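Pasting the structures in now, so scroll down.
You will see two complexes here that share chain A, one where it goes with chain B and one where it goes with chain C.
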Partner chain A sequence: MIRTDLPAKVSGETLFGMDLGEPGMLWGALVLSPVAHGRLRGLGFAEARAMPGVEAVVGPEETDRLLAGHTGDPERPVFPRDVVAYRGQPLAAVAARTLAQARAAARAVRCEIDPLPIVPDIESVFPEWPGSGAGEHPSVIAHVRAAHGDLEAEFRAAEFVQSETYRTNGVAQVALEPHACLARVEAGRWLVRTSTQSPFSAREDISSILGVAEESVVVEGTWVGGGFGGKAGASVEPYALLLAASTGRPVKLALNYAEEFLIGRSTLPSVVHLESAVRGGRVTGRRARLLLDTGASLPGRDFATGYAIGFLLGPYRVDAFEVEGYAVRTNKPPFGPHRAPFAPQCAFMADSHMDGVARRLGVDPVAFRLVHAWAPGDRTPLGQVVGPFGMIECLQKAGALLATWRKEIPYGGGFGLGVGCGFWSTNAQAGGEAVVRLTPTELVIEQGEREIGSGSVVRGLPAVLERVLHVPAEVVRVSYSDTASAPFDSGVFGSRTVAGLGGAVEKAARGLSAELARRLGSTGVAHLSVDGGGLFATATGSRRPVEELLTPQEIGAGGLRVAGKHYGATGAIDDARVSAGSFYAYTDFTAAAHLALVHVDRETGAVKVLRYAAFHDAGVVIDPPTFRAQVEGGVVMGLGSSLTEETLWSPEGRLLNPSLLDYRIPTLGEVPPIEVHAVPGHLGAGPFGAKGLGEPPIIPVPAAVANAVADATGVRVYEMPLSAERVARALKLLPEGGEER
Partner chain B sequence: MGFTLVAPERPEEACEILASAAPGQVAVLAGGTDLLLDLDSGRSHPDRVLSLRRLPWRSLQWNGPTLTIGSTLPLSEIEVDPVVRARIPGLWDAIHGVGSLQLRHRATLGGNLGRASPTSDLIPMLLALDASVEIVGVQGIRSVPVDEFVLASRSTALRVGELIASISIPEARPSAYVWQRVRPSNDISQVGVAVARASRAPFWRVALGGVTPRPVRLPEAERELRAERPLTPEVVRAAEAAATHAPFATDKRATETYRRQLVGVLVRRAIAMVSAPLDRPVGWA
Partner chain C sequence: MPAGSTRVNGAPVDLSEVPDDERLLDTLRWRLALRGTKEGCRTGDCGACTVLLDGRSALSCLTLTHEVEGASVTTVEAIANGRIGEAVRDAFIAEGAAQCGYCTPGFVVALTGLLAERRASTPVSDLLEEMGGNLCRCTGYGTIGRAIVRAREAIR
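And then the complex of A and B:
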C-alpha cells in the first residue's frame, strides 16, 4: 500500500476541512451581494441579530472595531464599503449556533444597494477588436505587449495569412470539498484549521487582509478534498476569524456548493485573435491578441495576462511576432487559477490554429508542428532559452500512434484523430524546506504541506527519500503540522510539490546519507535497510544499527534531524521585446502531446471520445503509479472542459449553473480508455531530474479533442467547450443567425 | 427542521394520513431521489414524511397483454426483467437512460410521475404506450390516462388523500426511446423522443420530453405515419412535422433551434429503431 492515505479516505475516516468540528463551536454564513454592481447605502442587521441562535453579525463597521489599530490591505478589504463589484461578493458574515440558524440570519440581513450599470462581459466593453489606446479604457486593468522581428514584412511576404478568432468559456475547479475552515482567536493569536493548498501563503494573505502580524497567524492544513488552484491562498478564513474574534468562540465557515461555484474563484471567458503569416511551409510571423475577462479583480493581473499570453505562441518557433493582451474588468466574481491557469485554453487556440494552417497547406498536422516545435537550446518568442524539453519526442510518439490508430478505425463515418500539444513551466523557483528525521525504526519527513489528492505529498515526497536512502516505503512517514512549527513551503501548486519541495527532501536525505556515512567512518554515502524491525545503515563495507549511530540526545529529541532547502532558478526573458506590462519567465519547461480518437454524430454534433493517449516529457518518473494516476486524472478533467464544462452567465451577472447538475464534469461513463506514456530523455530541475506533473496533463486535452473533431468533420469549432450544439452550428446543421445561448 | 417518518403497511392507512393533513404537512417518499432535493433546498418542509416502503406496490405483473408495474418498484428491477426488455424495448431504453444505476436502485415509476417533471424520460414513453395510472384514495380507486394525469411541472391529477398504486401498459409494443444530453451519463435530456407502434390502426405514437412544460404527444407527426410499416418518405415527413410543430423553447440546456434539429433527427431514428429492431444501436443513440 503505497498510498497510505487511501484506506481512511475510502472508509470515510479522513477528516477534511468540511468535517471539522469542536465542542462549543458556532457556524458561520456569508451574506452575499444580490446584485452585480451597485452603491452600498447600508446594511440592516437588526432583524438578523434578533433571530434565534445568532451570536454575531459582522459587517464593515464591526470589522473596523475588531481590527482597531490594524491596517489591512486597502486593495483587498474584507467587506466592501461603498461599491459592490459582483454578485456573490461577501458583504457581511453571521455566526449562530446551528448552520440553519446562521444561514437563515444571513438571508435576513437587509442589503440596501443602489444598482449601477454593469459590465457583464468582454463584448460589452469591446464589441470590436480594440484599437490602440485601449489600455486607457476604464475597464482595462492590465495591458501587456511584446514583439520581435519585422512582423509587417512577414505578413507582406506571406503566401497566405490564416486569421481566426477563438473564444473560451469559464471553467470551475469542482473540488468535491468546498472551501471550509474552523477559526479561533486566542490571546491575540489568529488560529485557523483550513482546507488549503498552501498553509503558508494562506497565512500571508490572512495577515495582509486583516492587517495583523504574520507571527500572530497560525494556519493548520487539513486533508484537502481537491484544490485544482481554487484553494491556493486565503479564501473563507478571514471571515471565520472575524466571527471568532467577535464571539470569542470557535467558528466554522464552509461554503455550500452553489457558493463554491460562485466565489470559489473559477476561470472566466476570453476572446483571442490569432493570425499567422505562412510561407515556404512555415509560419513565419504570428500575431496573437487576447482579451481576458478577469471579473471584478485579478490577483497579479499583469502576471496572469503576461503569463497566459506566453502560452498563446505555443511551443513553436516563429521569426517575427507580436502579442498583446488586455485584462478586462467585468462584474463577475474575481478570476482565479484553475489547474495550469489558462494554459489549456491557450493550447486549444494555438494548436487548433496550427492544425488549421497545416490542413490548409495540405500537410500532415503532426509533421507541420515538428517543423516548428522548440528543441532544447531554442529561444522562445520572448527570448528565453528553452532548457531540456521533450516536445519533439512527444510529438513523434503521438504521431506514430496516430498512424497506427488510423489503420484501425473505419474510414469516414464520423471518426477522427487529433493531436494536441502543450508546454508548462514547473514553478520550481517557489521555495521549499523540509526536514528528514531519522529514528532507530523509521524516517519521518517533516514538512508544511497537506495532501490535496494527487499523491504528491503522501507518496511523491516519500518516493524521493526512498530513492536516496534505498529504504522500503513501510519505514517512511510524512508528518504534518501547522505554520508555527512546520518548515516553510510555498504551496502545493504550480506542479512544484515533487519538483520543488521534493528537491528539499532530496537534499535533506542526501545530507542525512552523508552524515550517516561519516558516522560509519566513510566519506561517501550511506544507505538504510530494515532488519527485524530496526533500521541499519550501510556505507562502504560497514553496517550498523541506526540505534547505535544516534546519540542519546538525538534519540531523546525524537531522532536525528537533517534539513534541506530547494529554491529553484528563475529563467530570463529578453526585456527588449516587451513594450507594455510584464511577462513571465518560465522555469523548467515540460512538454506533452496527446492523441484523441473521437466520433462525431454528424446530425447532432455530439462528440464522443473513444480512445486517448498521453505522452509526457516528465523527466525522471519518481513513482510510476502516481504518475499514471495524475495523467489520467488530468485527461479526464481536460475532457470535461473540452466538451461539457462551462459556467453560464446572465446579462445581469448572475451565474446560471451553480450546481453539479448543470455544470457537467465527466462521469466514468464519459471516460475512454487512456494510454499513459512517459517520454524520457530530458532531465528536469527536480530530484533525480523529475519535472512537475500536476498541471501538464490537462493542457493538451482540448486541443487534441478539437483537432480530432476537425479531422472527423472537416470543420473547425472556434469555441471551447465543443458542446454538441456548437459542433452542430459549425456543421451548419442549424439555420444561420440562430441565437446562441 | 425535523420530521417524523411514518411507514404504513396498508394503502388505506397511507391515504388516511394524507387526507387528514393540511397541505404541505406530509411529504410522500418513494425512492426519494427527487424528494430529498426538495427537503434539502427547503422547498418542502413537512412535519411528517410518509414512506411508501411497506405498501404492497412493488410488483410487476402481466395480465394477458397488459403489464402492470407497482408504483414503488425500483426502476432497476424493471430494467433487469428480460421479458419487459424484449416486449417493450422502448420502456427499457427510457428506464436504462435514467441517471445512474445507483439512482435507479432507488428511483421509481410512481415518483417519476409524481414529480411530473417536464424533462422526465419516462413520461414520454408512457404516453407513447397509452399507459394509465391507477390511483387509490380515501374515496376509492380510479384510473387516469397518463396524458390526463400529468398537468404541468409538479402538478398532477392526484387529489387530496390519493396515491399512485400502479401504472398499466395496455399492450406490449415495438418501441424505442432516444435522447440527447449535454453529458450522456447522469444528465437531464435536452430532448427525448418516444415512439411506439400499436397493434391496430392508428399504429404510431410519437411523444416528446425535455422541451415543453409537460411531455406531449405529437399528433402532427403521428398523422404522417399511416402504414404499419412506413416507407422512408413517410418517416421523413413525420420527422419534419415533429420538428415543425413541436413547441420549442430555449433554456440553459439548449436553444430552440438546436432542439428543433434534434427532434427531427431523433424522431427519424426512433421510428427506424421500431421498424427495424435488429438495427438498433447498442446503448446511447
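And then the complex of A and C:
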C-alpha cells in the first residue's frame, strides 16, 4: 500500500468539510452582491426574516451588535458598509433549518445599491502602456520596480531587439470540494471545523476579521477535498461563526459550485511586455513590464506583485535589466493564490519569449536557454545568489529526449516539440513545529495540519521519520488535532510541508534518536526496529525493547515526546537594485524542464498533447511514488490552463462561465502519457536534501505547450490558454481580433 | 408507492417522507447518513456523486429520489461487496489512485458500473474515454488510469 489514507478514501469513510453535520445544526447561505461596483444604501431583511425556517439574517449592523467591544481589521470588514467592490461580495448571511430555506431567504434579501462606474479589466485603466506617474493612478494599488546594469547601452548595442506583448487569463481553483465549514460559539469561544489548508492561519484570519482574541478561536481541520491555494487562511468561517453567534446553534456553511468559481479565489488576467536586446547570440538586456489584474484587492499587494514579477525574467542570466509591475485594482473578486501563484503564467511568457528569440537567431531553443540558464553560484537579476539548482541538468535531459522524439515523429503534418523551463522557491522560511511520540509499539507524529491530497502530510512526514529512525511505515502514525492542542505550523502551502514541517519532524526524530542512544548508554544515535509487535531500540551494539527504556510516567502519559522546530532562513536580494515596492527573496531554488509533443489541427486550431515528459530537480526524493503522482497531477492541471481553462468576465464584472461544463478542466481520456524523471545532484534545505514539489510541476507546462505549438506551426501564440480559437486566429484561419478584444 | 420497495445497499428504506423535489444525493447524505457519496458541482458535471441504480451508473445529484422508487441503489459504502467492486477498490489502493480522495468514491462506483456493463475485454482506451465523466483535480489521472488497467485485469 502506498498511502495509509487510501482505504478509507476509497470506501467512502473519509469525511470532508462538506460532509460535516450534527443534530440541531442550521444551514447557512451568503447574500452575494448582484452588482460589481456600487454604493450600498441599505439591505432589506424583513421579507427574508419572515420566511419559513429562517433563524437569523446577519448584515453589517447585526455584526456590530454581535461583535460589540471587538475591533476587527478595518481593511478586512466582514461585510462592506459603504461601497460594494465586486459582484459576488458577501453582503449578509442567513441561517435556516434547511439549506433550501437558507438559500431562498438569501435570495429574498433586498440589496439597495446605487451603481457606480465599473473598472472591468486592465485595458479599461491602461489602454496603452502606462507612462511615468502610473503608480499614482487611483486604480494602481501596488507598484514595484527593479533595475541593474546599463540597460540603455545594451539596447543601443543590440543586433536586434525582440519586443513582444503577452496576455494571460484567469484560472479557477476547481478543488472538487467547495469551501465548507461548521461553526459554533460557546462560552465566548469561536469554534470551527473547516476544510482548510492552514488551520493556524485560518485562526489568525478569523481573529483579525472578527476582532476577537486569537486564544478564543479554535480551528479544527477536516480532510480537505483538494487545496491548491484557495483553502489557505479563512474564507467562509467568519460568516458561519457570526451566524452561530447570532443563533446559539451550530451552523454549517458551504459554497455551492457556482459560488466556488466566483469567490473561491481565481487568479486573474495580466498583460506583459517583454523586450530583449540580443547581441553575440545572447540576451544582454531585458525589460519586463507587468500589469496584473488583482480584482478588488490583492493580499500582500507589493509583495505579491514583486513575487510574481521575479519569475518574469526566467531562470536566466542577463547583463542588464529593468522590471516594473503594477497591480491594477478592478471590480472582480480578489485575486487568489492558485498553485505556484502566477509562476506558470510568467514562465509561459518568459520561455515563449526565449524560444522566439532563439528561433529568430536560427539556433536550437534548448541550447539557447542553456547559454543563459542559472548555474549554482550565479546571481539572479535581483542580486540573490542561486544555491543548489539543477536547471542546466533538467534542460540537458529534456533536450536529449527532444532529439530522440524528433526522430520518432513525422516532420510537418502539424506535429511539434517544445521545452518549457520553470523555477520555484520552497517557502521553507514559514515555520513549523512537530512532536514525535514514542510508545512501546508505535511512533506518532503530533502535528497541526491536515492532508490536502498531495500526500505531504500522510506520506511525506512519516517518510522523514522512517529515514531518521530506520523504522518501517507500519509503526508510524500521524495524529491530527485542533489549533488549541496541536503544535503550531504555518500551513500546507508554498511547497513547504515536507521541507518545512518535515524539517521539524526530522529534528524531533533526531532528538528522539539521541535520547534513546543516551538511555542505551551511547553518545551516538539510536535506531528502532520491530520485533514480535514491539519496538526495539539499538545503539552501538546495545539493543533493548522500547518498553524498558521508557519510564512508567512516560508510558502513563502516552509515550516519550520529543519536539522539533523548523524555521528556515530566507535568502537576500540586493536592495540597491529595487527602486519601488518590495521584491521576494527565494529560499530554496528548484528547477524543472518539461517536454511536450503536440499535434495542431491545421483546420480548427485544436491542440492535442500526445506525449509529455517532466524533469525535476527536487533535491532528494523522499518518497518516489508520491513524487511521481505529484508531478503527474501538476502537469495535467497545467495542461488545463495551457489549453482550455479560462475564466470569462463580462464588461459588467459578471463571471460568464462558473460551471464545470463551461470551464473545462482535463478529463481522463485527454491526458497524454507522462514520463516523470527526478534529476538528482542538488540538495535542498529540507530533510535529507528534499526540496518542495507541490507547485513546481505546474510551472513549465504552458511554456512547453506553447513552444511545441510554435514548433508545429511556425506561429507564436501570445496569449494563454492556447484555445483552438486563439490558435486558429494566430494561424489566420479566423480573422484577428474578433469578439475577444 | 409502498414504503420499503426501494433498497439502498441491500436494505429496504422508507422514502415516504421525502419531498417530491429532493435529490437522491441529499437523501443519501442527509437522511440516510451515507456521506461517502460526495457532493461536488450538483450540476452533473463532476461525477463525485455517482451511485449505481440497479447496477448502472447514475448521477445522484441529477436524480430525484422518487424516481428511484423500487430500484436497488448501491453507494460506495457497499460497492466492494460485489466481486467487481472489490477488484476496483483493491486496484485503487494498490495503485495509489487517490490524492485528496473527494472524487474517489465517484470513480470507484462509476468504474464498477462500467466494468459490470461492459465486458472486461473492452479496450483500455475505451474505458478511459468512458470514465471522462468523472473529474479529478489532484492526480492528473495517471494513477487512476493504472488502477483501471489493474481492475480490468483482475476481473478478466
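As a working rule, the second predicted complex is superposed on the first by the 737 of 741 C-alpha atoms of A that agree within 3 Å, B and C clash if a C-alpha of one lies under 4 Å from a C-alpha of the other, contacts with A are read in each partner's own complex, and residues count from 1 in each chain.
The rule is short, and it goes like this: a contact is a pair of C-beta atoms (placed from the backbone, for glycine too) under 8 Å apart; a residue touches a chain by one contact, two chains touch by 3 or more.
These figures come from a predicted structure and were not determined experimentally.
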Considering only touches as defined above, state whether A:Leu292 meets chain B (first), chain C (second), both or neither. neither
Quick one: classify A:Leu656 as touching chain B (first), chain C (second), both or neither. first
Kindly classify A:Ala728 by the partners it touches after superposition: chain B alone (first), chain C alone (second), both, or neither? first
Looking at the overlay, does A:Gly12 come into contact with chain B only (first), chain C only (second), both, or neither? second
Touching A:Thr667, do we find chain B (first), chain C (second), both, or neither? both
Looking at A:Thr604, would you say it contacts chain B, chain C, both, or neither? Reply first, second, both or neither. first
Quick check on the superposed pair: does A:Leu648 touch chain B, chain C, both, or neither? Answer first, second, both or neither. first
Between chain B and chain C, the one with more contact residues on chain A is chain C
In the overlaid three-chain picture, which partner chain does A:Val224 touch, first (chain B) or second (chain C), both, or neither? second
Taking the superposition as given, does A:Leu176 touch the first partner, chain B, the second, chain C, both, or neither? second
Counting contacts the way the document defines them, which residues of chain A are shared by the two interfaces, the one with chain B and the one with chain C? 661, 666-670
As the complex stands, chain A meets chain C at residues 1-3, 5-16, 18-19, 21, 174-178, 223-228, 256-257, 451-455, 625, 628-629, 632-637, 659-661, 665-671, 674
Inside the complex, what are the residues of chain A that reach chain B? 100, 603-604, 606, 608, 643-644, 648, 656-657, 661-662, 664, 666-670, 723-725, 728, 733-735, 738-741
Chain A touches which residues of chain C in the complex? 29-30, 34-43, 45-46, 48, 75-77, 79-80, 89, 92-96, 98-105, 108, 125, 128-145
Any idea which chain B residues touch chain A in the complex? 1, 100, 180, 182-188, 250, 252-258, 261-262, 265, 284
